[in-house]
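First chain A sits with chain B, and in the next complex the same chain sits with chain C.
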Partner chain A sequence: MRTPYIALLATATLALTAGAGRVAPSAGGTISGKVTYTGTPPKMKPIDMAKEPFCARLHAAAPVLTENVATGPGNALRWVLVYVSAGEQGAASTTETVRLDQKGCQYIPHVLVLQPNQPLDIYNDDSTSHNIHPLAKVNPEWNKSQPIGAPPIHAKWEKPEFIPVKCNVHPWMHGWHLVLATPHYAVSGEDGAFSLQGLPPGKYTVTAWQEQFGTQTQDVTISGNETKTITFVFKATPY
Partner chain B sequence: MGKLFALVLAIITVISTAFFVTHTWWLPVDISAHGHAIDHQLSETMISSGVLFVLSQLALAAFVWRFGDRRDGRAVTTFPGGVTPMVIFAVVLVGAEVLALTFVGSKVWAGIYQTPPDPNSLQIDVQSEQFAFYFRYPGPDGKFGATHPDLINEASENYFGLDPKNDVSARDDIVVPTLTIPVNRPVALTLRAKDVGHAFYVPELRIQQDFVPGLSIPLHFTATQTGKYEIVCTQLCGLGHYNMRAYIEVLPAAQFEQWLKDKAAQQ
Partner chain C sequence: MRPKTPVAAWVSGVVILLSAVGPRPGVAQESHIGNLTGHAAAGKKVYRRYCILCHGAEGDGTGENAMWIDPKPRDFTLAVFKCRSTPSGTLPTDEDLFNAMTRGFVTTNMPAWLPLTHQNRADAIAYIKTFSPKWRTLKPGTPITIPSEPSATIASILHGRELFQKMECWKCHGPAGHGDGPSAKTLTDNKENPIPPYNFSTGSRFKCGVTNQDLYRIFMTGLDGTPMPSFADDIRPADAWDLVHFLRTLQPLETPEAAIWKSWLASHAQELKPIGPPGTAQ
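Let's look at the complex of A and B:
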C-alpha cells in the first residue's frame, strides 16, 4: 500500500519541478508571429502502412499524412523551426529530459528540438520493433533496434546539428532532431504560429528553417519588454 | 538389437513417406496460371526421389536384419553379387535420376521464367529496399517516369527517385506498398533493388525471384484467384529481414479498375 503513495508523491513532486522550469520568464521581449507559404505546396500524401498491420490498423480510419511539408488553414506551415541564430544566444539548458515517441509507426513529435547534451529518451510505444537511425554527420551516427516492450533508449547529442532521423524497418518513418545551442527557439504549430520569449534587449537575427524549403532570416531589434511580430513566408512549389 | 534397429528404420521410413503420400504438409493453394507445371514437377521429383529413398532405406533395414546379429565373429567380406557392380549400379541410377530431373525441371522453369510476357500485360515496377517493397503503376498517361536514385526520398514518399518537377510522366505515377492486380490478366513486373539483394516470394503464385541491385529483372505471371496473399523476402537482407513483407491483393477486374482510378485521383 505504501508504494503507490510514494509513487504518487514522487509524480507530484516531479510535476511541480517540471512545471516550475517551464514558467515563461517575466522579463524580456518577445518575438512572435506566423509562418506561411505562397504558391502551391506538395500534397500531404496519405501513408499506407500495409506492411505493418499493427500500425495500419491504428490509422485505418484516418491515414497519417506525410509531414515533410505540413500545411494548415490560412496557408500556415507547421513544423518550422524558428530560432535566434545571431545576437544574444542565451545559455542552453540541459536539465530536462526530452521525450521522443515511436507511436503508430510515426515519430512524435516530427520535429524535436534539443540542446547540446540534453538527455533524450526514445520510447517504442508500438507492438512492433523499430530501429531508430539518426543520420548524424557532425555528431557520431548510430542506429539501434528497439523491440516490442524494450526500455527507452537514452541518448544525447553533444554538438549543434540538424539531424534527419529514419526508422530502418519502416521506410516512411521520418523525423528530425534539431540540436540548437540557443534556448531561444520555437516550432510552428498547426496554425503556423510561434513565439520566442524572454529575450533580453538587443539586436537579433531570427532564422526560420523548413526541412524542404530551407531557411529564411530576419533581423529584429528588441528593447525592453516589447513584443515584435514578424512573419515568414516560404515560396512553395508542388514538386 | 540389430533386428530392433532394422524394424525402427523400416517404421521411420514408412511413416515419413506416408506424410508425403497423404500430403499432410503440402504446398499452399496454387493461384497462378503456370503453377500446375511447378506442382507437377515437384510431384515428379518427390515420386522419383521418394521411390529411391524408400528402396534404399528398406534395403538398409533388410541388411541390418540379415547381418546385424551375427555372433560368430566372422567379418562380412563379400557382398552378394560383388561390391563393384553394386556401386556402379547405384551411381548410374542416382546420376541418371539427377540428370533427368535437371533436364525436365529446367525446361519447366524456362517455360515460365524465360518466355516473353504477354504484350497486353499490366506493367508494374517493383522497388525493394531495407525492409519493404513498393509498387509503381504508370498512371493514366500509361508511361513510367524515369527513376533517379539520387532523388529517392522516403520523407516525401519518393521511393523510386522520381523527378516530378522536370518529368511530366512521373507526376501521375502511382506508388503503393501493396501489389494490387486484376485476376486472370497477365502481369509483368520489373524488379529493382535500392540497396542490397532481396527476394520476391509468393508461395501461392509458385514464384520466387531474387532482386539484384543494379539489375532490372523481368518477371511475369497471371493470378487466377482473387484474395490477399503475403509477399516475403527470402534473401537475408539485414537486421529487419524478418519484417520485410508486403501483400498481394488479387481483385476482380472491375474492382481493380476502380481501385486504379481512385489511386490516380489521389496523385
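Let's look at the complex of A and C:
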C-alpha cells in the first residue's frame, strides 16, 4: 500500500506551501472534468445590434455570438454550471463583491455565480442606457435603469435561485445570476473544463446545469486529497 | 411581568411552530387601508365571486377567462405588481393594491371595482396576499417621497425634454412619444408576453393613475413585471418634475404644460434639437 504515503506527502507539501500552522484552503479533494455534447447543437448566431449603433460599431469586425448554447473545440460546452448539490456543503462566503459588466451590449460574464447575500456591483461600461431586469421569482423581481455614466448598481440576492437577467432596451442581452448556497461550484470554460477544489472527504452529488439542456447529476465519493475525474455529456437538440 | 407558566410556554411554542409552517391559503391575513381593516376570510368570498374567473382559484392568473384575455390577468403567486408607491423590487403597500383595484387597468380587462364597497375591496386585497409566501416573509417597501410640484415653466419643460433624450426614454416610447421607439416591438413582460410601451399621443390615462404625481411615481418606481424600469437612482426629484412637465406636452390634452409648450414652439421650433439617436435628423 503506497497510497497513504503519497497522501501524507501531499498533505505535508500543502502544509509547507501554506505556511506554518495553517491549513491551505486548497487542501482536500478535487472533482474535475469536462462538459461536452453529443448530437447537433444550435448554431451560435451572430447578434444583429443595428438598433444600437454604439454597440454595433464596437463589434463591427466580429459580431457577438449568442451564448445560450456556447460550444468549443472537441465538442466542449461552455457556460455550464457544475456544483455540489448534495453532500458536505461547507459555508458560503459572502463578503467579496462580485462584478457584472454591461459591455458592448453584452453581460460579462454571461453566467454569474453568487452566494446568498453576496454583494453584487453592476456596471454600465457602455455609451448607451441599459435597464437591468432580473426575472426573479423566489427573490424579488426588480427592474432599474442605468444611463450612460451612472454609478454601479449595488444588489444582492438573499435566496438560492437561478435568475435569468435581461435588458429590455436591448432584447438580445441575456444572462444568468445563479445564486448557490454551496461554495463548491465552477462554470465550464471554453474548453468545457471545470474543477471543484478543496472538498473534504465524503459523498457528493455533483450537478451540471446548462440553461437550454437542463441538468445532469453524478455521485462522487472523495477520500483524502484525491482528484476524481468525471465527464458530463449533454445530448444537444438543434432547436 | 409574570414568569411564564409551563402551559403558556407550551402554547407559545405551538404558536411559533404553527407560524413557521409557512403560507397556507386561507390563513388569517389582513390588509390595512386608512381606518379600514380587510380580512382574508371575507375577501375569499369576494374573490370567488368577482375575481376568480380571470385570476383563477389559485391566484396564478389562469382562470377560465384568462385564455381570452390580453394582457393576461395578474399572477398573484409572484407578488409582482406594476402600480406601487414603493421602490422597484419591493412589495406594494395595501393602499397601492386597493387603489389599483379601485382604478382598474385602462386598456386591459381589469375594470374599476367602484361598485364594490370599500370593505369588500379591502377584504379582497387581504385575500390576494395569501397567494404568495412573500407577504409573510417580506415587508412592503417604504413609499418614495414626492416633493411638492413646482409650476411648469418653459425652462422645466425644456430640461425635461433633455432628460427624455438623455435617459433614452425614446428607445421604447419613441422620439415623439408615440410608443414606436427602436426597442418597442421587442418588449416582453416577465412572462414573455409582448407588451407595448405607453403611447403618449393617445392621451389616454396611464395604467397607474392620471395625475402629475402618478406620472412622477411611475417612472421613479418603475412598473415591476414590465420593461419599464425604475429611474429613482438616476433622476433627482427636481429633475423628475421637469420630466413630468415635458411628458405632458406629448399628450393631446389641454394641460398647462401643453399651453406653455405650444406658445413657445410657435416662435422657437427651429431651435430644438431632434430627439433620437445622436446624429440622426428626425
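Methods note: the second predicted complex is superposed on the first by the 214 of 239 C-alpha atoms of A that agree within 3 Å, B and C clash if a C-alpha of one lies under 4 Å from a C-alpha of the other, contacts with A are read in each partner's own complex, and residues count from 1 in each chain.
Here is the rule we use: a contact is a pair of C-beta atoms (placed from the backbone, for glycine too) under 8 Å apart; a residue touches a chain by one contact, two chains touch by 3 or more.
From a predicted model like this one, the values you see are computed outputs, not experimental measurements.
> Label the relationship between chain B and chain C on chain A in the superposed model as either fit or clash.
Taken together on chain A, chain C would clash with chain B, as the superposition shows.
> For A:Asn117 in the superposed arrangement: first (chain B), second (chain C), both or neither?
In the superposition, A:Asn117 contacts neither chain B nor chain C.
> Now for A:Pro140: first (chain B), second (chain C), both, or neither, which partner does it touch?
A:Pro140: touches chain C, not chain B.
> Applying the touch criterion given at the start, work out whether A:Ser93 contacts chain B, chain C, both or neither, answering first, second, both or neither.
A:Ser93 sits against neither chain B nor chain C.
> According to the stated criteria, A:Gln212 is in contact with first (chain B), second (chain C), both, or neither; which is it?
Only chain B is touched by A:Gln212; chain C is not.
> Applying the document's definition of touch, where does A:Thr40 land relative to chain B and chain C: first, second, both, or neither?
Touch status of A:Thr40: no partner.
> Taking the superposition on A as described, I'd like to know which of chain B and chain C A:Ala150 touches: first, second, both or neither.
Second partner only, chain C.
> Touching A:Pro171 in the superposition: chain B (first), chain C (second), both, neither?
Both partners, chain B and chain C.
> Please indicate which partner A:Ser223 is in contact with in the superposed arrangement: first for chain B, second for chain C, both, or neither.
neither
> Running through the overlay: 127-135, 163-171, 181-189 or 253-261 are the candidate stretches of chain B; which one clashes with chain C?
127-135
> Show which residues of chain A both chain B and chain C reach, each in its own complex.
51-52, 128-129, 131, 145, 168-171
> So in the complex, the part of chain A that touches chain B is made up of which residues?
The contact residues of chain A facing chain B are 42, 45-52, 66-69, 128-129, 131, 145, 164, 166, 168-172, 174, 211-212, 237-239.
> What residues on chain B touch chain A, complex-wise?
By the definition above, chain B touches chain A via 129-133, 153-157, 159, 164-165, 171, 176-178, 238-240, 243, 245-247, 266.
> Which stretch or stretches of chain A touch chain C in the complex?
Where chain A meets chain C, its residues are 51-53, 128-129, 131-133, 135, 137, 140-148, 150-151, 153, 168-171.
> Can you tell me which positions in chain C touch chain A when the two form their complex?
Of all residues in chain C, those touching chain A are 78, 80, 88-91, 134, 138, 166-168, 171-172, 182-183, 186-188, 190, 222, 224-234, 277.
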